[in-house]
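The data blocks that follow each hold one structure.
Both complexes shown next keep chain A, but they swap its partner, so chain B is in the first and chain C is in the second.
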Partner chain A sequence: MAIVKTENTPARAAPLTERSIIGWMSKNLFSSVFNSILTIVTLYVIYITVKDLWVWGIGDAVWIAETRRECFTISIDGACWAGVIAWFDNIFYGRYPREELWRINLGAILLFIWMAPLWLPRVKAKVFIAVTTVFLYPFLAGYLFAGGDKGIFMQVMITAAIVCLVANTLHSIIGVSNGTSLPGLVLRLLGKNNAPEKSQRIILFSILLVCFIVVYLWQMSWSAQGVSWTKWGGLFLTFVIAGVGIASALPGGIVLALGRRSKLPVIRVLSTAFIELFRSVPLITVLFMATTMFPLFMPEGFILNKLTQVIIAVCLFNACYMAETVRAGLQAIPRGQFEGAHTIGLGYWGTMGLVVMPQALKHMIPNIVGTFIGLLKDTTLVSIIGLFDILGMLRSVSRDTPWIGLHKEPLIFGAILFFLICFAMSKYSRHLEVKLSTGHKK
Partner chain B sequence: MALGDSRSKTDQVKPKDQFDLLHDERVRSVVYQLLTAAVVGWVGWYLFTTTAHNLEMRGMDSGFGFLGFEAGFDPAFRLVAYEVGVGTYGDIFLIGILNTLYISFLSIIAMTLVGFSVGVLRLSNNWLVAKVALAYVEIFRNTPLLIQVIFWYTGIFSLLPQIRNSLDLSAGAEVVLLNNRGLYLPWPVPGDLLWMTGLALGIAIILAVLFRRWAHKRQDITGQLIPTLIPGAALIVFLPGIVYWMTGSPLGWEIPELEGFNFAGGATLPPAFLALFVALTIYHSAHLAESVRAGILSVGPGQSDAAMAIGLRKNRLMSLVIIPQAMPAIVPPMISLWMNVVKNSSLAIAIGYPDLVAVFMQTSLNQAGHAIEIVGMTMAFYMFVSLTISWLLNIYNKRVQLVER
Partner chain C sequence: MTDTDKQEKQNAGEQLASAISSEVMIDLKQVNKWYGSFHVLKDIDLIVHKGERIVVCGPSGSGKSTLIRCINHLEEHQTGSIVVDGITLDKNLKNIDHIRTEVGMVFQNFNLFPHLSILENLTLGPIWVRKMPKADAHAIAMEYLERVKIPEQADKFPGQLSGGQQQRVAIARSLCMDPKIMLFDEPTSALDPEMIKEVLDVMVELADTGMTMIVVTHEMGFAETIADRVIFMDQGDIVEENEPNGFFNHPEHERTRLFLSQIL
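Showing the complex of A and B:
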């Protein structure tokens, strides 16, 4: 007699310790006596901390009040968030004229519009978009923020920026809707998409030129009211300094890193000395150097304002840090890549630009973003030498007559703000790392 | 070798008869280097002449003579004797360096201990503890250090009770007191025969080391495991202890006493010091915790499997297998974090702890001018510290590499 089972035996359910919440708890929280004690102690500590923070920060907190004294009369033990709320505009925009705030907001929106296509999957020529963001957007934004008299150079740059912004945006819309590029669509509309490449180029170039002239003539008709840099402040100023720092740190860092790995001794020694000099001293000494020594370096009658001095110092400092990050990435590239590039006949710049650098940068994305985060955090140091960046503004709250002595709340608000920005950046870099990894993983 | 072959082949392919000046690699490299050197030299020369001209125009003298001038201000905290009206800028430089090194040293010790603990807790198999450690790391890593420093200073240590209502940290004994003027600690006053206790301590340490060596040798020969930790510790504690007791306890403690409006006696750490110390410790320990975690994780799971297979218990597994292999991955980032502590101690300037940058680069520079000399000296100090630390790091790396091979 044969026993033949015609049906599969249903799989038994996993043991209780593997699937229920109690099983999970017994495994992760109460696996031994010591662990159980640890869990209970930790829970108690969390309870105390969270309860105190909750009562102080939310439960007993005062949200609406005119002065700190009023806060005290409402609740003596709670946080006085009313002071932070009253200073909201100052914390974000500094002392920028209130009727001109739209310029800062417009600048932020333009940056978003400019960079958004980088995240859209079907858009082509992302490198072009990224490069124009770094090299043209600052001029447009700079004029938007500072205003005043446009020199001929600024007019050209602003025009170029506007043309580029419009072209990028149209290009991205076209790319998302039907997967082609702006030049491709223009040529098809003109019925020249089968014309020889040279005549295509001429057509595109002349269209660009016409656009440029039209925009140039248009931009001559308006100008923005001048706002002195001394009025800049708050988170806006922090972003300006950090933004310029970030935009210049990567190119500067790449140049310095290549210099340090160069085969030419003079270039190598100079780059190494420069990098090591700035990396071994604290940023605050570099800032002091900028404000006390730069005036001595300048020819007579040529005065840099404090903001420019600070930005130069921040750029130099961060380029050196970025250089070391990039160098670490370069070192991780196996020799075979260099040799392979040589074999197919690429020279130094071809090898570096097309083969080595893309891999090195991709490899180092988390570290590069880490350096950017460090840069953003370090930007708060400019408050020490008297610029009213976000930290300067947060500290000013406690010196404002109605809110005198209000220290903790503004600082905690600033800390939360920075935490959100930096934490999001680092999480995003992890995500990018996973997305861009092209299978070197086991 | 494949590499050599490919090189010699390209050499053969290259046409030898036509020497192209523009495309010859050697010519190019010389030209590039000369160009760079010329540009850098020109910039240097230009800066030098403009600076000299500017100094002359403003009637400023240069040189280090100012270091002998009377400074005329008193740093709020110092480790060496200094008298206002007599002390010079040179003394101020020294005070600043000592203050910077003092706070850096203490913060480095504390941040190493905390960082290692948090790093290990990050890997705890207790989910709750691991998450709490994660929260600690993420919160303190992602907020600017300067905000933390100022928060601890203005939000915590300046808001402590007044002198009269000092917090007693010694549980009723009133010897360790904390108030808004700082932390008051008892300070040891050595008696006459204290050197004997010191001598005993030295002897005990030497004996313990010798005992440990002997035990190791014995283990190599016989395989017998002799516990060294507890006997060694007992030796180090009891030998000096007995000598101290026999010589009649020759160590007095100077206890802070309330006199008028302030405490006298004992040692005092000002609030700015405490705030900076706490902030530096927490901020850098959060960074160190990540390095420690990464270092421990870098030791593959096969290592602990193998160790357990040959019957090592959990604590031996950690001390004999995991930690020795994790250390080479932990120490280099840890040492560069130490360097960061020294550099970041310069944030003292924001809360008035008189470190080198605050007393020398700010106050002295504002009073005496001499920007170039002062900035140069300050930077030279930090560069010296940095070079020393990277020298230590190189020594360590060499030793580790030798062990590996």
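Showing the complex of A and C:
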């Protein structure tokens, strides 16, 4: 007998266990006697741990005091946060001259202004903004932090950075307000928006040149007071080292990874040797090598300061780690993608830059951010070779006469800081992954 | 292969050539290829004239995909010569890149770029290789999307399209480069049966415009309707080559007969 269904079965709501909190709890926490006991025991353990921590860190803690002794007289069992608070400036800025702190803050604000357009949906040419952040911002910020005499090279780079920053910002404001771009608006104001592409380009280029010259002349009129790198320290120094490391690790890693996959044997062997050498040595060894051995190999009179040596070491070390991450990402791209790109006539760089890398980088986001987080935490090793980064500063608290012996609180404060920064990075990478996964998963 | 076989083949080829165009688009002479020690292509001779539509069939592993992949240098041949549109394929990268802009290719697995929208997939080549202004590239892309009948999908991503739609996008992507020759490497093999027809329809339309085409396929109905010549390959040899009527109705070679009896 044939069976024919005459009506469609209507969709019904899911049972209560699937959608209420109680349903969820009975399914996940109290599904059996054993599970219920486990849940209760775990909750109890969490309770006693958190309770003691709370009493020590918040409940009985001392927030305002002049010395550690005073902390003890107020509360013997509580944490002495007053010491950490008194050292705030040192922890964040090191021994940077107090009246010049605005320069560090300005550097941070400029970075924020520079990168903010990357998060605004209507802004175009984000790649350009990102690339200028990596290649121009460091010069501007570097001079802002270090000050002193500007060489010709620095003057040119600072000018380029300022022009780019202003152009990027204007471009983003225009983009957000009416969805066009800075070049588009300039051309429209000049009434040249229908001119042929070549003459448009010439106009834009000459405007850019004029801006460049004006800014160049302007920047000659001021200079910042020099601050020796020995005064840099605290979270600021950590960010400088990690920031340069992060900004250079990805480009360096991409170059090394492409080198390792190159068809040219010399490039391949050199890249492979370089990567393997740095990856098989601990970072602390590389740091010691950079600060003690490196100067021995250099010609006489060629002196790099310790901070520069450390930064170079961190960059090379992390570029090598990044190279392996990038290589893994490249290997995950099916051969068909290369072939598809070849058949529409794209050469090596076109294939890599337009088709393979964008996909590979997307796959690699978790690993890249993982490396970045590792890099940020690893920079604390520089305190061993005598730089006062955040860890160095946190440990100095206990050697300061009023707070002598105060170890726990600064370190816990540092741990919280690191956790917040790293957790934010990790969360952001998750967000990026979801946002960029267009078309991969249906 | 006996001498009379060769003679007949040549005669057939000449007759067809006169019917199509005397301009030679692809000229393969004594092409050999090895994968390691495995001999995939054995002394392949093949001349394709302008406007000619050739279907290549044969059992798997017979070297038919390798043959057409050699034509745009996705695979490198070791001996013999391949001349495409007057350009000799050699180690010169410029020649290879030039030939690739003249030869479109459609793959079994589409090979669309999943991180780009359909429109961006289509305009990538024109903008970056042909250096075309964006607006023109968009116009051309939309024109070809109309021709493959999916203009409404322009802003979607490849992952959101059905297999048949993706393959039509892949065909449009190749056509956007305005190629002189189109190569199809089993374009319908990865598709659900109900989607094969929509892709074949597009290919038939393309054949009607006079495009030079080499199609590796097992769709014998398609071969019968559009092919000027059918080539049967087995174990790296071109075993038989004939116009479709003769090929399907009076196969000469024993292996051809065996193959046809298995798939028809």
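Observations on the model:
The criterion applied here is as follows: the second predicted complex is superposed on the first by the 417 of 442 C-alpha atoms of A that agree within 3 Å, B and C clash if a C-alpha of one lies under 4 Å from a C-alpha of the other, contacts with A are read in each partner's own complex, and residues count from 1 in each chain.
We adopt the following convention: a residue touches a chain if its C-beta (ideal position, glycine included) is under 8 Å from a C-beta of that chain, and two chains touch if they have at least 3 such contacts.
In this text the structure is predicted, and so the values were computed from the model without any measurement.
In the superposed pair of complexes, A:207 makes contact with neither chain B nor chain C. Touch criterion not met for A:55: it reaches neither chain B nor chain C.
Of the two partners chain B and chain C, more residues of chain A are touched by B.
Looking at the shared chain after the overlay, A:339 reaches both chain B and chain C.
Looking at the shared chain after the overlay, A:359 reaches chain C, while chain B stays out of its contact range. Of the two partner chains, neither chain B nor chain C is touched by A:118. In the superposed model, A:418 makes contact with chain B only, not with chain C. Contacts of chain A with chain B, set against its contacts with chain C after fitting on chain A, overlap at residues 339, 343.
Interface residues of chain C, counted against chain A in their complex, comprise 72, 74, 93, 97, 100-101, 103-105, 107, 109, 111-117, 124-125, 128-130, 133, 157-160, 173-174, 176-177.
Those residues of chain B lying in contact with chain A across their complex are 3, 6, 29, 32-34, 36-37, 40, 47, 50-51, 53-55, 57, 124-129, 132, 138-139, 141-148, 150-151, 154-155, 158-159, 339, 343-344, 346-347, 349-350, 357, 361-362, 365, 371-372, 375, 378-379, 382-383, 385-387. Residues of chain A that touch chain C in their complex: 197, 336-337, 339-347, 350, 354-355, 358-359, 362, 438-442. Taken together, the chain A residues at the contact with chain B in this complex read 28-29, 31, 35, 38-39, 42-43, 45-46, 263-267, 270, 276-277, 279-285, 288-289, 292-293, 295-300, 339, 343, 373, 377-378, 380-381, 383-384, 391, 394-395, 398, 407-408, 411-412, 414-415, 418-419, 422-423, 426.
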